[in-house]
């Protein structure tokens, strides 16, 4: 274990890393609470343009309000969690790297693949690792699926099905700054597919509709999509997206192999079943990513601690984020042109 | 295969056995329909004190109405299905045996263990096999559990749990002639336990309550019971009975062994699931024995055809019925005396 | 109920319809056994070029061997089951119609949409109904899903997922005469999608790979495919096909609506579960269509009896078969051109 | 919220309560880790006769090693977690109460109901609440079942089934000091039954066998038991215990009501399923109480914090522990006498 200079010893406990947060919105609050409860982390500073927001979160977590520049200038802070608005992820990450901080950035690093590609050298400086937090990779259920696949439980992976449906559509006001369905939502599935199939994709096809909220369609976006991706080996991946289920957050992954299949089904909120004249009734599923991936968000921080400890490099970084963005761009292009997009070497990375 | 004298050849098909039925009520109708649809059986005659009932069932199945004496006197009839009132099962069976007919008798053969024991010699005449139809033994799901147990899938059987709950309580008018909960209802579980554990029982304890319908209690019966049986090896069996679930026919068996457990859960009526904001919803369970054991009733006839063909002896006969009755008597005695009943050699058979 | 001239009265039973079969192979045998066991049908004649095959099946079912011409000439025969080789389905059906027989034809009526379209008038003669047997429509589980959809259980249907995977690939020798994956296998899914979404399709996209058996690829076919169909309302349908699962016949349908989802999952062969150190283990799934759709094949005959009784028209006929074929052609064309195929009015029917 | 004198303010965070632990074995370590991670607790001292054990746990959790007397004398310590050997629970609890500390005591408070009854007054001093930690009451799944029962989801509770089976038998050396199966293991079920049925029990019957490890039998104990309890309303409760499943920790509760049933089934360790030729395979269940009740142990501390905050009294205290012990005594007596034990007013409490 490499001793990190940004850390301190606490009597009777392990090394504690000091952390700061930029962005005190929903995701920032979630990460702030987890960081402040983590036995190896101490959340010391929170920055947000909205002072009331950062003050409230600071009071709750025992951190202090600070300007982002103050955070960057503080040599005692080892890492920065970036949960500001998506459009500022890239800039904030680069600034943190330049200040020698380790970066924990919410996905996606950018909404522009080209902008991200141009900045890759700035994000890959030695000594300031950049972790892009794709929550699926840290879910224990999907992790178990990945382990079993690696152990050869189903032979060679042939095709992959991903269902990723949100419980309820977002406020239409969010749509224009969302980056569109593929960059805002499908981005997770692109990364999951790349992670599980572990091969470059050569072709992307997307078909979409606006079935849930006509205001989304009026803004030029879709709320329902089906995609097919082809991998270099001929492996095929189907992705289903919807902005509204009516029954919670539908998160399923199924991998068909040469020797069987592996499935991760939805996780019920409680293991309770009622029997009555209408049949059997399981408990509601987790409503949103907050509940479904609660363990994953904590595990992301565990991984980040290992990165801070010098035990490993980030398992997902800027290049993974770029790959997912390239796939999202291809999906948009496929919708626009009404045909599958063949990915060249550059896009495949 | 032994050629049976009661049968005939049909061109282009296998040997057909002629059958008669006594008792055209609910169980009789069920068996009559199955027999008339069976490729190896021809239902030719139906007897019942209620002429309208037998005429209706005869018209539906292509059989003729006949007196039981006529049936017994007809040398062309190979076997008789006895589904008359329980109190006449024993007499009707003995008469059929004396006429050289094979007997397919609905459980139980009698409500009196002593009466049945006294008549055992009459029921065990050579050439006229007596089959007592315990439906659980012919259920494909329980059959698979039994096969896996025999194959050593869970090592040595140690304890057994049986849930046997009816959807809705019977008309209180039925209670006085039912023989009481243990002989009318638990009788199935006593036979199932004997079949699965395959060892003599040495002790029986029953605790019961009248929780569903106070009129049942006023008639001196119970509608809810829990029983514990001990086998000679120390194996333990728990039985749960209720006259009312509110959600259909609850039929579950679970066998705990030295190397794992085997479970037969309730069978949904359809493999359909609905997801909504309240969670996941499976289809209603089978409502009653008619649906739940539909396959079993057909398989009983398949087995009876094999008996008629001379391929095997009945898998359950008068002695199994007697054992179940002795256990029911012990359960009643346990309730009366408020203590477990130790079974002597005679009761164990 | 219209009295049919091709039928006879049997004392004590309902009207019996006389049936003949052409084609004594696997599907023919299945239908022959069901017809001979059906209380309302009498299978009297079987035709096949392979005399040994027809003789064997005739002996088993009590029918007689006959030439197809003899069957057509027999005024007593009410209906013909056509289970000969696919290439002869259309001719045999037309001949039967011309002879005034009702037709029960295995899917598909033809491998050529244009040939079928040209013959539609010949297949729609009054008095000789043509039923094309798409088994999914008669499955009780899918039927329940359809009923619940119609009852408004999930609001408006928005997207549909179909998984249709075979347990093991066919003999490569079968591929050249199969019509290819889309006409041989996906044909079911095209019909299921049309049945469940109940709207015309406007666009078809297919991506396929040969992942299971390279000999299939050498013959110009694929064994793995993913398809997306768009309906006129914007509804989207995803279909997944594979020639090999390694775990039996994977048959799943899932319908996402504006107010929830409905799922038909795989049906286990037995409701038995084993618990051991590795977890819980359900019983194997049905291995093939023979087991999975056993009830559906019987229900097809029930429907055909209702057609023979004059109670209803066939629920699926030549136009449904043509629609499915047009969709299969579009899928092939999509693969060939590497783009989605937009369906014109003619294809939509 | 009552301000507690044993607590302190921490800048930017809520009130923190100082805690100590006595007993650094398996349960002590588990509680120590949870207390040290709890945002509202600070574990400051650990006492154990085994100095090495307490030193190791202190190092891990940031607490200090102390003698129990020092802990009791420290006015800054608000509460004591008692996880020492069962035989010392009662004495240690009383000492803590006398020192004005709130008590968090592992179940059971004592192995002797009479000894506990005699000391009840000492345990019920004002200002020093005694919480007896029965983990089932804090499990989210059982909590949801309890909430639904209270909400009337299944009408009036009629019968209750509890399955409580351990994965593997303990070292026989543990048996003599365990208090026997009923006090060591079934004690949880007695409390769960009292909690869920919420009525006094009037009768207890137990039947047991030694089926797993003959050394347990040689020591006069059993490793397999089935029990039936009767409640004052006639409600019946069945309990199944085993010291060995071979497949993990089997923890199931089922409540049958006048209007349906509620079930809590086993919780799989991961929501992953494998499909292969042998069927479907779920992930292993939680192996032991450590994993299965991990959330419950954390929730116990949340409840204890609320007690320390003065927001509520302990949800379970000495009288609950005494009731469970009385039921365990009755079960032992039932085994000894071979009959059900009728509980008098004193035992019922």
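A few points about this structure:
The first chain written gets the first letter, and so on, giving A, B, C and D; residue counts start at 1 in each chain.
FYI, a contact is a pair of C-beta atoms (placed from the backbone, for glycine too) under 8 Å apart; a residue touches a chain by one contact, two chains touch by 3 or more.
Predicted model only: the values in this text are computed from it and were never measured.
Looking at the partners of subunit B and subunit C together, the chains they share are A, D. Farthest chain from subunit D, judged by C-alpha centroids: C.
Spacing of subunit C relative to subunit D, judged by their CA centroids, is 58 angstrom. Computed from the mean C-alpha positions, the centre of subunit A lies at a distance of 43 Å from the centre of subunit C.
Mean C-alpha position of subunit A lies 39 Å from that of subunit D. For subunit D, residues that reach two or more other chains under the stated contact definition are 245-247, 250, 259-261, 275-277, 283. Listing the residues of subunit D that touch subunit B in their complex gives 155, 158-159, 161, 163, 165, 203, 205, 207-212, 224-226, 228, 230, 234-236, 238, 240, 242, 244-247, 250, 256-261, 338-340. If you check the complex, the residues on subunit B that touch subunit C are 10-13, 36-37, 39, 58-59, 61-64, 140-141, 144-145, 148, 153-154, 259-267, 270-277, 283.
For subunit A in complex with subunit B, the residues that touch the partner chain are 245-248, 250, 268, 275-285.
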